[in-house]
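Quick notes on the structure that follows.
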Amino acid sequence: MQTRVERMWGQIRNWRGGDASDLHLRPDLPDRDTARLRTLLDATIDGRGGEMAARKRATEIGACFLALDSSGRRRFFELIANEYDHNDAEVDAAMDAVRDAPNSTDRAAAENELRNILRPKRDRLFRRFVGLEGGLSFLVDLREELLPIRNESPELRTLDNDLRVVLARFFDIGLLRLERLTWDSPAVVLEKLIEYEAVHEIRGWDDLRGRLNTGRRCYAFFHPAMANDPVIFVEVAFTKGVPTELEPLLDHSMDQTDPFAADTATFYSISNCHDGLVGVSLGDMLIKSVVDELLREFPNLENLVTLSPIPGFRQWFDEHASHLRALVPSGIPEDPSEAADLQPELLRLAAQYLIVERRSSTNPTMQAERALDPVAHFHLSNGAEVAAINWLANPTPTGWSRSLGMMVNYRYVPDKLEQRHDSYAETGRVAASDELKKLLKLDK
Amino acid sequence: MQTRVERMWGQIRNWRGGDASDLHLRPDLPDRDTARLRTLLDATIDGRGGEMAARKRATEIGACFLALDSSGRRRFFELIANEYDHNDAEVDAAMDAVRDAPNSTDRAAAENELRNILRPKRDRLFRRFVGLEGGLSFLVDLREELLPIRNESPELRTLDNDLRVVLARFFDIGLLRLERLTWDSPAVVLEKLIEYEAVHEIRGWDDLRGRLNTGRRCYAFFHPAMANDPVIFVEVAFTKGVPTELEPLLDHSMDQTDPFAADTATFYSISNCHDGLVGVSLGDMLIKSVVDELLREFPNLENLVTLSPIPGFRQWFDEHASHLRALVPSGIPEDPSEAADLQPELLRLAAQYLIVERRSSTNPTMQAERALDPVAHFHLSNGAEVAAINWLANPTPTGWSRSLGMMVNYRYVPDKLEQRHDSYAETGRVAASDELKKLLKLDK
Amino acid sequence: MQTRVERMWGQIRNWRGGDASDLHLRPDLPDRDTARLRTLLDATIDGRGGEMAARKRATEIGACFLALDSSGRRRFFELIANEYDHNDAEVDAAMDAVRDAPNSTDRAAAENELRNILRPKRDRLFRRFVGLEGGLSFLVDLREELLPIRNESPELRTLDNDLRVVLARFFDIGLLRLERLTWDSPAVVLEKLIEYEAVHEIRGWDDLRGRLNTGRRCYAFFHPAMANDPVIFVEVAFTKGVPTELEPLLDHSMDQTDPFAADTATFYSISNCHDGLVGVSLGDMLIKSVVDELLREFPNLENLVTLSPIPGFRQWFDEHASHLRALVPSGIPEDPSEAADLQPELLRLAAQYLIVERRSSTNPTMQAERALDPVAHFHLSNGAEVAAINWLANPTPTGWSRSLGMMVNYRYVPDKLEQRHDSYAETGRVAASDELKKLLKLDK
Amino acid sequence: MQTRVERMWGQIRNWRGGDASDLHLRPDLPDRDTARLRTLLDATIDGRGGEMAARKRATEIGACFLALDSSGRRRFFELIANEYDHNDAEVDAAMDAVRDAPNSTDRAAAENELRNILRPKRDRLFRRFVGLEGGLSFLVDLREELLPIRNESPELRTLDNDLRVVLARFFDIGLLRLERLTWDSPAVVLEKLIEYEAVHEIRGWDDLRGRLNTGRRCYAFFHPAMANDPVIFVEVAFTKGVPTELEPLLDHSMDQTDPFAADTATFYSISNCHDGLVGVSLGDMLIKSVVDELLREFPNLENLVTLSPIPGFRQWFDEHASHLRALVPSGIPEDPSEAADLQPELLRLAAQYLIVERRSSTNPTMQAERALDPVAHFHLSNGAEVAAINWLANPTPTGWSRSLGMMVNYRYVPDKLEQRHDSYAETGRVAASDELKKLLKLDK
C-alpha cells in the first residue's frame, strides 16, 4: 500500500502533466540549490504572472518538496520558517505609524497596515496551495510532516502555528458537510475508515460492514476540497440500556437492533483522520451535529452517551496510589474475582481522577483549571457529564494497562449542554451523576 | 417577486424553527433596545455555551437585523462598527510587549498576540454566521446593505473592509467550483442568471434557453455553502471569425454553430452576481479557468476574445475632444453613413483612450499607473491585449451614449498571459495589436 | 419552437453520427422505393449481422421514416401493417399441429410454437427501437402519428393495437419511477410540464413556479429510457377544507399554505403527456402512488379529493333535458343569480348523469355497464366516490359550455378503494356520497 | 453471510411492513393449504381491487413462497405450472373462431383473441411482481430455484420457459444501462463482483481494488429496478501485445499500465450474475458495447481480444484422441519440457476441436451446425474469430484438467463482426486466423 506521500506524488504528477519538477533540486537540498527554490517561492508569493500563474507555480513547489528526502524537507521547513515570516523592521515601522497617528482615522489605517505586515509572507503561499486539485490535502500532510520537528526552534514553532491557523480557517465548520456513511458509500471512502479508525481497529471489510449495519451508524465531516477523504468521524451503536462493557459494541455481526426500538445511542468511537489537523477542534461540533440528527430521526432515544477510555488513569494511579500498586495484578486477571475486592476502591479512585483532579489549561477560552484526563476534558468541554464508571468494561491487555479495565459513560443531555459547558469553562467544575458524587462524598 | 432580504427571511425563519426574534427590538433600534442587542452580541462573540450554542445565537442576531427598518439597520451597523473593533488600549499594550521583548522567541509570541488583538471582535461574529444554513449569503447581503453608507464614517469604512476581508477569505478561489450551466440545470439556478445578468439583459426563459444552446456556453463559479446561487458567471459564443458587432451574439435563437467547426470563442458577457462581493476579485480566475476548459474540449479554437464595451469613453471624449463634440450626433444616427467621415478620428481617439490614457492605481500590487478605462484595466490585468476596436458594433442608444457605438475585442493568448500581466503591473504598458499601435503611431 | 418530430431529427442525426439516411427514399415513398425499404426492414427484423447490427440498422429505418412527408409516412404505415404481421398460412399450420398433437407434451410445444407464429414480425422491429438512445420516444411518437389514420383499415387498426401492446409492455408500472417535480428540477423537464399540461394551461414560467410552491405539489412518472420527459403528471393543492371552486386553486402566486396545517389534498389536474400512449393506463397507479406518498409525509390530511370537470354533461343535457334547454343561458350569466333558480334542477341532473347514466364498456375486465361520463368512469374505476357537485365552480366560457359551470369532487378513501373498485367493475354500481344519493332519492 | 433467499426475506418484510404472511401456510404446503393459496393467486391474477391492490397482494404471495421449505416450494411450482397455464378448451374454441372467421377483419380479431388466450394466466402474476420494490430480483431468484427441477415434467418445463420469456422481456437490452465500475462505486455494488465473479475468483477487497486499477476496467449492465445488483459484467486488462498467458492478467497489484500507452484490451473474464437469467442472452451486447466504449476513449487500441478457456476440450480429447491419452501426464507437469514434445500435436488437436468440430444447434436463429465448444460458440456467434491458441497459458490443476493448460485468444474486429456473425449463423463456418488455418491445412 502506498504511503500518503506516495499517493500525493500521483496527484502532483497530475497537477504537472506528468513531469517531475523542473528545478532538479538535490534530495537533501544543499545550500547551492536553495537559491533556485527561493526564486520560485518569491515568484509564487508575489503572484508574478497573475493569480493563475502563481497557483500553477505552487504545484512546482509541491513537486519539489515531495522529491526531497527527510533532511531536505527539514531544510525546506527551516527555509520558509526563517525567511518567509514577516519582517521585524517593517513591524517596528508600522507600530510607530500606529503610535504617531494624529487622529483616529489615520490610526485605523495604520492598524490595518500593521495587521497586514504582521501576516507572514508564507501565508500567501499556503493559500495558493488550496486552489490546486489536492492542494488542501497537501497542506494537511505538510503540517503532519512538520509536527515531529516543530519544537526544535521558535521559528519552526511559529511556522507550525501559522499552518494551524491557515488550516483552521479552511476547515471552518461552516465549510464542512456532515455525511452519514453507509455500505452504499464509495469503497474509496470506506477504505479510509479502515485506515483512520484510531480507537477500535476495524479488522477488514466484514468488520466495517458490521459497523454500518442496521443497529449502527457512522457520521463524518467532509471538506468540499477533499471529497473522498473524511476529516473526522464518529461511530454510533443503538442499544437498549446504557452499555457497560465494550465487547458487545464491537461485535457488529450479530447486531440487528432496530434503532426505533432502542433507547440509547452510544458514541463508541471518534477518530480524527489527519494528524496534520491537530489543534483544529472539530469533535465538539461533530458530536452535537450527530446528536441533533439522531434525535430528529429517532425521537425514541432517551440516552446519548459514550463508552470512553480513561487514557491517563494508570499513570496517575501509579503516581498517586502507591499503597495499592502492589495489590493490583500487573496483567488482566484470568479470574475476574481476583480483583473484585479492589473494585470499590479503584472505582472511587477513577472517579476522583476524572472529577476532582485538575491541571492548568492552555486554551485561552478556558478560564479555570481543566480536568486532568484528556478524554474527560474533551467531553466536559462539550457540555457532557461524567455519568458512570464501568468496572471491567474493557478486560483486554490494553484496557488493563491504560485504565485497569475501566471505561466511562459520558452523557450528553441536549438541554444542559450549554450551561454545563459554561460552568466548566468558567469554574472548572465537572458535571457528574449523583452516584459518582455520592461515591466521592461531594455535594450536589 | 421577493427581494433578496425577503427571501432571506424565509431562511431565517427556517434557522429559528419558525419563531421570530425573541428580543422584540423596535424596528428603528432605539437606544433603550441596544443594550439587549449588545448582550446577545457579546454572548455570541465570546462563544458562551460552546460553539454550537454560539452559532445558534448568531441566527437570532440575523433575525434581529432583518426585522429592523433602514434606520435601525444603520444603527446596527454603527453599533458593530464602533464597539466591536479591537481595543486600542490593548493594541498599545501589545505593541509595548513586542518592543520590550528580550529575545526573538518572546518577540515572536508577542507579535502573535498583537495580531490576535488587532483582529476585530466582530470577526468572530461574522465567522459564526458562515456555519449557518444560508449564513454565507446573509453575510454577503449584509455587506450589500452596508455599501451605500460605508463612506459616512471611518469606522463604517473599517467595518466594510473587515467584511470584505472575511468574504474574500471564504470566497477563496480554492473553495469555488467551476460549473457549466445548461438547460439541464435546476430552474432555481437558471432563474438567478436572468436576475443577475448585468451586461446584456436576459429577456425571459426563451432568451435564456438560447444562451445555453449548442453554439453557446455559460460557466459559473459556485460556493459550496451557496449551492444554488452562482457567484459570478460568464457567457461564451462560438463563431467563425472574431465578431465585430454585438447583435448576432445576442440573437441566440438562430444559433446552431457547432463548436467543433468554430475557430473563435467570444466572452460576450461577464456578471458578478452579488454587490456584497465588490472588491473580491474572481473574474480573472473565471475567464482563465474557462479558457483552459474550452481549449481542452475544443482544440480547434484559435481565438479567445471578448466583445466588450468602453464604458468611460464618452465622458473622456466630452472632456478631451471638445473640438469634435459639435460634430458628433447626439443620438445614434439613423443613417450610419452620417457618422462615417468621423470614423477614422473616433477610432483613433478610442485607441488613445484605451491604450495611452492612465490614472494612478489604488491596488497595492500594481506598481505603475493603470489604464483609465475600467474594463480595459480588468482585461489588461488578466494579461489580455487590446486586439481591435469595432466601429458601430453596438448601434443602440446605450451603446451610443457610452462609447459612440464602438466596442473592443480583448484577446487572451494563453502563452502570453503571464508576461503581459507582469509587464502591465510593473510598467503599466498596455499590450495592443499591431494595427492599433500603427493607428497610434506607436513603436512595437 | 421545434415540433416533436423535428426534435427527434436531432436525436436521429445523433444516432447516425450526423449522416442522413443512406437509402435516399423519395419523401412520398413511391412504389419503386419500397423494395429498398423492405430489404432494410427484413434485415433488421431477421437480426442479420447480430443484435448490435440490427439495432443500428433500426436507426436507419427511423431516419427514413422521419425524412418522409405525410403521404410517405402513410405508405410506410401501410407497408408494415400489411406485410409485417404474422403469416396466416403459418398460423393455420401451427393450429393443425396443436390439434393433432398426440400427447400433452407435444401439444404444449405446439402451442408455444403457435404463440410465436402469432406474434407479428414487426414486433422484433419495435423492440429494436427501444435499445436506441431516444428509441422509446420514437416509438411513442410513431404511434402518435398513426392514431389519426388507424381506423382506415383493419390492418392499420391491428398495427395500432400491436404498437399499444408493445408500449404497454415497456411502460409497465414496474419500470416507471415516481418523482416529485420542484423548482430545483432541471429546466428541460419543467418546460415539458408547460408543454404537456392539458387541463389548466400553464401560462409561462412564473405560473409554473407558483404550481411548485409550498402549498402545491407536482408528481410525475418517468421512464428510465426517457429521462427528461415525463409520462404522466398530477398537480396537487393543499387546502383547508374541500375546495368548491376552481379559481383559488389556479391562483398559485398567493399560495403559501403550509401542508402540515392543511386537511385536504386536491388533485386539480392530471395530464397524460403523450398521445402515443393512449390506451396505456397509468393514471390510476399515479394517483394511488401519490396518495400513499402524501399520507406518509402528511398524516394530517383528512380529505384526498379531486376538483374535476364533467366533460360530457352538456351534450347529454342537450339531448335529455330538452325542456330546460331554452331556460339555460347560452353563455355564462353575468349575474350569477340569473341561473340561481335553475340550480337545484341542474345539480340533480348532473348527479343523475354522473351516478345513474350508463353505457356499455369496451374494457374486457369491466363486466358491467360503465358510467357515461369518461372522467367519472376513470375515478370510479380507481375506487373513488362521487362526493359533491359544486355549482358555478368554473364560471368561465369553457366551463359553461361543457358542464354549465359545475365541477365534481371525487373522493379517494384509502380503505375503501379496493372494495369500491370491485363493486364498480362487477356491478357498475357507482359509489356516491349520502347527499348525492338523497338528491337522487337512491337507497344507500 | 445471508443467502440470497434470506436477503430477500428482509425485502419482503419491507414490502409487508414487517408482518409475516397472513396465510399461515405450513412450510411443506400440504393439500389442505393449497386452497387458501389458490384463492390468493386467483385474486392477484384477476386484479381484484384494482392494480394497486393486486400488486400489494403479490407481496403476500412472495412472502408465502419464501416461508415454504423445499418440498413446499416444489408443490408451489407444481401448482402454478399445472393450474395457471392457459386453458386448452379455450384455445380450441379460439382456434375454431380463427378458422371460421368469415373475412379478414374478423380473422384478425380472432387471432388477437387466440394470442391472448394462449398467454398463460401466471403471466399476469409474474408481471405484478415486477412493480414491487425488489420484485424483479424475486422473479429472477424464483426461476433460479425452479431450474434444478424444471425437467421433471413438461408443465414445469413450460413454466420455466414462461419465466424465461417474461425475464427476457424485462431484461431487454434497451432497459439496461452500461456502467463502468471503479473504486469510487458503492461498496454494496462492489461486494457483488466478489460474489458473482465466476471465471477467476476475486480473493477479497485488495484483489478487487487491483481489478479496478489504472490498467484495468470493469463494465456491467444494470437494470433500473435492480439498482445495486449487476446483471452481467466483464473485466478488461490493457496490455502491450496480445497476452499469451493468464497469470500476468491476474496479478493486478503490479499493474500500472497506462491505457493510452497500450495497444491491446483483453476481455479476461465475463460473468453472468444470476442463474435465474440463464437463456437470456446479454453477453454479446455487453462485449460490443464495451468495445465501442473503449475504442471511443482509447483510439490507440489495435487488438480487442479475449484470453478464454476451452472448457470442453479435455472431454473431447479423452474420447477422440485415445492414442495420446497415455502420453499425456495426468496432472500439470512440474517440468514444462516434459510435455513439450506433445505440444505441436496438442495444439493441432485443440485447433481441430475449436474450428472443425460441430454439433447441431438448439437456437432457432442458427441455421447451421454450431461449434462444439460452448465458449467458442459464444464468441463466434458474436462475430469474433479464433485468433490464437496458447500453450501452457494456464498451467494450473484446473487449467490442466479442463484443457491441458491451453487457452484461446478470440479477436473482435469491429468491421468484421457482422459479416462473420452472419457467415457463422448461416453456414457454421468458423472464422480463424491464417496460422490456425495453416495448422489445420485449411484453405483460407
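Going in written order, the chains are labelled A, B, C and D, and every chain counts its residues from 1.
Throughout what follows, a residue touches a chain if its C-beta (ideal position, glycine included) is under 8 Å from a C-beta of that chain, and two chains touch if they have at least 3 such contacts.
Fair warning: this is a prediction, and the values are worked out from it, not measured in the lab.
Novice: Taking each chain's centre as the mean of its CA atoms, which one is farthest from the centre of chain A?
Specialist: In terms of C-alpha centroids, the chain at the greatest distance from chain A is C.
Novice: Go ahead and note the Å separation of the Cα centroids belonging to chain A and chain D.
Specialist: Computed from C-alpha means, the inter-chain centre distance equals 50 Å.
Novice: With chain centres defined as C-alpha means, what is the inter-centre distance between chain A and chain B in Å?
Specialist: Those two chain centres are 37 Å apart.
Novice: Which whole number of Å gives the spacing of the CA centres of chain B and chain D?
Specialist: It comes to 59 Å between the two C-alpha centres.
Novice: What parts of chain D, by residue number, touch at least two of the other chains?
Specialist: Residues of chain D touching two or more partner chains: there are none.
Novice: Could you classify the connectivity of these chains, where an edge means two chains touch, as line, ring, star, complete or other?
Specialist: The chain contacts form a single closed ring, each chain touching exactly two others.
Novice: Flag every residue of chain C that touches chain B in the complex, lowest number first.
Specialist: Residue list for chain C touching chain B: 183-188, 190-191, 204-205, 209, 228.
Novice: Which bits of chain C are touching chain D when the two form their complex?
Specialist: Residues in contact with chain D: 47-53, 55, 86, 88, 91-92, 95, 98-99, 104-105, 107-108, 111-112, 114-115, 118-119, 127, 129-132, 135-136, 154-155, 157-158, 161, 169-170, 172-175, 177, 224-225, 284-285, 288-289, 365, 381-383, 417-419, 421-422.
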